[in-house]
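Labels run A, B, C and D following the written order; every chain starts at residue 1.
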Amino acid sequence: MQKIGVFVCHCGTNIAGTVDVAAVAEALGKLPGVAVAADYPYMCSESGQKMIRDAIREKELGGVVICSCSPRMHEATFRKAAAAEGLNPYLVEIANIREQDSWIHRDRAEATEKAIVLGKAAIEKVKRNAPLTAGESPVVKRALVIGGGIAGIQTALDIAEAGFPVDIVEKEPTIGGKMAQLDKTFPTLDCAACILTPKMVECAQNEKIRIFSYSEVSKVSGFVGNFRVTIRRKARYVDETKCTGCGECTEKCPQKKVPNSFNLGLDNRRAIYIPFAQAVPKVATIDADWCNMLKNGKCGVCAKVCGAGAIDYKQKDTFIEEEYGAIVAATGFRPISLSRYEEYAYGLSRDVVTSLELERLMNAAGPTGGTLLRPSDGKHPHTVVFVQCVGSRCEDGKGKSYCSKICCMYTAKHAMLIREKYPDTEVYVFTIDVRTPGKNFDEFYRRAVEEYGVHYIKGMVGKVLPEPDGSLTVRASDLIANEQLKLSADLVVLAAAVEPDPSARPLATLLTASMDTNDFFTEAHPKLRPVESPTAGVFLSGACQGPKDIPETVAQAGAAAAKVIGLLAKDKLVGNPCVAHSDEMLCNGCSSCEKVCPYGAIHYEEKEFRGPNRTVLKRRVAAVNAAVCQGCGACTVACPSGAMDLHGFSNSQIMAEVDAICR
Amino acid sequence: MPMNSPEKNGVGKEEAFRPKIVAFCCNWCSYAGADLAGTSRLSYPAEVKIIRVPCSCRVNPTFILRAFGRGADGVILCGCHPGDCHYTTGNYYTRRRMTLLFSMLDYLGIERERTRVEWVSAAEGAKFAETMRDFVATVTALGKNRRLEDLRCRN
Amino acid sequence: MIPSKEEILRISGVNTRKCMKCGKCSGTCPSYEEMEYHPHQFVDMVEKGEIERLAASPSIYRCLSCFACVERCPRGVEPAKLIEAVRLAVIREQGKDRLTPDDISALADPDLPQQAVVTAFRKYRK
Amino acid sequence: MQELMKARAAALLSEGKVNRVLGWAAGEFVYDVTPTVFESREELERDFVYSPFCGANLSKYLVKEARKEGKILVFLKPCDSFSFAQLVKEHRIPREKVYAVGVECYGKTDATALRSLGITGIVGAAEQYGALTLNTLNGERRVTVAEAMLEKCKSCKTKEHRLCDELLGEEGEPVSDCSRFEEVEKVEAMTPEERFAFFRGELSRCIRCNACRDVCPACTCETCVFDNPASGIAQKAAADPFEENLYHIIRAFHVAGRCTDCGECTRVCPQRIPLHLLNRKFIKDINEFYGPYQAGDDPETPSPLTDWKPDDVEPGSAVRKGGRA
């Protein structure tokens, strides 16, 4: 029989004051299997630990129970002591007779009796403990950042700064994301390009960073420290290594009628294009949907003008496979489609635009060269109406139930910029609330009102009506004045709600990372682990986790990078040995466990088993990836056959504890 | 002997009845909450014995039935508040499982007050102690658990 | 008897607590100028239990039941249904019909679609 | 119908589309019908039956049968097809190894019920248009199908099949006036004392023969926890009186969210314990708490116990709501 040592701590008078520790040691010492039972003033002290170590050595103990303070306090201490003596640390159990006994009970007899029961339960548990060894797995010292917006850029830069190689996968031809499309940034009004493009260049020049633009992640396997990722490099029909970005082809391409997606379709570009002047990588891309050469083989102008010989109409999608230790999701956001909000006449009048479109209309590199002109007739607007919460805070089935967070501030910015550049323009902002929590945010909004004379009106716009004369009639309520307003506007700007980029959902499936009902990635803990996904090794950066402005995004990007660096700095990952494991002889392969696992730690294998009469049976059985499992035990209860059990908290251990307490 | 004879169920010696209570506590919230109750010296009856589990979702209905079978008078399960689970979703599964189990026990005529699920965070030491006091009082008032032991008793 | 707030909520099936006071209902109401109390005020007043004031106001007959407010409300509050409920509660009372058959000849003009008369008749009397 | 099924089975066998047929075989008595695997046209010709007594659900046998070489033909009544679909959903049966033929069913007959109607010595039975003609040693007797229906058929929920490759006979429709929860509601309406007494009366008759488990199409575990000494709850005979209770609660819990309410447990119980009352209570609770759910209905919807919503009902209030006492 396994020899068990029981050590009862006085904790000075903390325990001994209420619990008769000697009596506890005596009572527990009489139990079958207990080889030694002793008490001592401070078990956690050097001499107390020595007492335990001596007993382990001399009595050849196979298990140790320490009746002391909470395991949350000193479990690690005592495990270490046992390990030093060659006893597996997981053969140590703690009976909590301080926080859960001596400190809460005053009656000595009662407290002593309870201490004995708790000791008994721990003894019964330790008898069933198995020596556990934490699994180790190596860490591939390379990170993958999915998404090349400001979030992905910042995360990649920070990781590279720490000396680890990083790859950025961006689905567009250039990194930069939404921020590259913005004009100015709140609350400082510095220009987005001025602060973003240096970072983009830094990414391109940093030798630790590789940029896979016009690429997508197509397959992910493995687990924390050892992901294996397949990246699809979409054919851009231009050899990236040869293209110099001179732009000759984009000038000569005869297909001029391609809606310019970078300018949100407000103007046109060619079929071969570089999205914007500061694109990284500055490489042309052929839009296969519009290129005459690719569609019907009639053209080839770009190939002719390209001095570098970079054009390759025969280019195909290629796949590269790479290993990573950590993956960062930075897939960002986009404004929702407004097609279902007919009342605002978006799509009916070209002078009803979204805020992101306004950014382009005000951007010096935009379709109007930075002069604010109405898209319909190119005239200066004299009355501009902003509508807030278009699709945000909506439970009408058309929009999003959450607050998009950034609209109040960027609208204040837009209003301010318009008033500054065109003082003759009247600006109205219709709001439900103005939400400005953030450093210098409320001051910024107040400046818009007080210094720039923007008219903020509490109330919503009910309808925008395009008039035959080209103007827009805006019907809205002014709740403070208790009036219905009818304004004639030249331009209406809608603050469309933001939503996660649609590429996030399929990516989450590839990563087995969980998402909320709005398709934002879920954090491992909403307060304490906000930049980690519940899936180990997957981190979250930027608006893919929830609506965020630039400062917040950059802060979170840095935090995600720090988490990645912390992971990559390790040579080996030592797992928690208290993980689930499946008895494949009992497993039905029914997938119940897989469905409740929050970490995607369970997969299925077809395995061969010996059947009756020398036959071989193939069965589907569950297998737990110990490196990914966090040991919650949800699967153990979902499993109907009892095949799934948890190391360290096994069914038999818990039932032995129950028995010891109840008998 | 008639089942409800005073000698057998101890009526008249009510003050001597001390229920056996098993409390399953998740490691991250409720066990820490219990520790906080201890650190704050908030007393609750010694009848409560805590079993530490990593997450409330580790608690198999079998454990609860086992406890009753072995003579427990009440079983309480504590976990993180819904939405605050250390493992993100564990307590949501717990909630469904225990809802169904308790409903079944009630359906079988077993006093529903003998089973309880309570969400206690690591900061709620006072709530933990209060919950335990209340639960022990409830179970004590119910008296000894016999329904789960005696279901097949023929007379 | 003017019904209670609970009664109005029950008849209309509206949850006034969902209102976030954005005023979009009133921003969209074609009958706004005609009304003493506007759609958003209706929601607010029902929520505060001021049913009597509403019931006494001619506003309840000014609502066209066009349901623009119902269509546009971002929170699904459905103000028109509240107005409908209050109007119903009023005309259900003895002798409170808004319209009697005798009134019709005075109202009728050749441009008025007959359907409007029928609708008004259905809406304004028991 | 029987001849139609026989012919179709024989055809599929000879085409080589399947190499075995899972059906019902005649026994010594006409009401003693046994699930059987037929391997040849001759065996089919000799033994295959589809009679009013073919209540047995064949889907569970597929778990073992589908592991063998070749494809197997199975005949499924509507309720059986739900069990089949659920087992496929749980990966217990490889769908491609089974050729499922749905057969129409208007309720199967309970021989015990016939006996209590005074009909004994049955040597033949035929069903047409809801009427049952029984040849007995004492002459011909006629009853309606409804009069002597199996317990499970009385609360039939649908006559529509799931997941079948083909149908013989007509496809039915869901039973619109299915009142399968009425019995559960009756028990719920009792006081706790009455409920306790009721179930004590029922469950105390259990002899732990395990028939309910062995027939249950949701109980297909490779090794049942009650047969596994390591599980801590294994035993054939009750160690103390509580064990019976434990056995039935655990069994019901293990199949909760997976039980299709096929009613086989009650059909095979030699002690006539209404075991479906336990399973149906779980189904009713699931429907009320988490929205209507039918196991085996479709391959996607997650089982309610492997799913959750942030605003699910709390255990305490749920019991108060469900218990009503």
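One rule holds for everything that comes next: contacts are C-beta pairs under 8 Å (C-beta built on N, C-alpha and C of every residue); 3 or more make two chains touch, one makes a residue touch a chain.
This is a predicted model, so every value here is computed, not measured.
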>> If I average the C-alpha coordinates per chain and also across every protein chain shown, which chain's average lies closest to the global one?
In response: A
>> Report the chain whose CA-based centre is farthest from the CA-based centre of subunit D.
In response: C
>> When I count C-beta pairs in contact, which pair ends up with more: A-D or A-C?
In response: A-C
>> As a quick test, compute the distance in whole Å between the mean CA positions of subunit C and subunit D.
In response: 56
>> Measuring centre to centre with CA averages, how many angstrom lie between subunit B and subunit C?
In response: 54
>> On a C-alpha centroid basis, what's the spacing between subunit A and subunit D, in Å?
In response: 46
>> Nearest whole angstrom, what separates the Cα centre of subunit A from the Cα centre of subunit C?
In response: 48
>> Where in subunit B do residues touch at least two different other chains?
In response: 61-62, 66, 83, 89, 93, 97
> subunit D: which residues touch two or more other chains?
Replying inline: 232, 305-307
> So which bits of subunit C are touching at least two other chains?
Replying inline: none
>> How do the chains pair up in terms of touching? List each pair.
In response: A-B, A-C, A-D, B-D
> For subunit A, which residues are in contact with subunit C within the complex?
Replying inline: 343, 389, 393-397, 399, 430, 432, 458-463, 475-479, 482, 484-485
>> Residue numbers of subunit D touching subunit B in their complex, please.
In response: 187-188, 190, 192-200, 203-204, 206, 232-233, 238, 240-246, 249-250, 252-253, 256, 278, 281-282, 285-286, 289-290, 304-310, 312-316, 318-320, 322-323, 325
> Which bits of subunit A are touching subunit D when the two form their complex?
Replying inline: 585-592, 595-596, 604, 611, 617-620, 638, 640-643, 651-652, 655
> Which part of subunit C faces subunit A closely enough to touch in the complex?
Replying inline: 18, 20-29, 32-33, 38, 40-41, 68, 71-76
>> Residue numbers of subunit B touching subunit D in their complex, please.
In response: 61-62, 65-66, 68-69, 82-83, 89, 92-93, 95-112, 115-117, 147-154
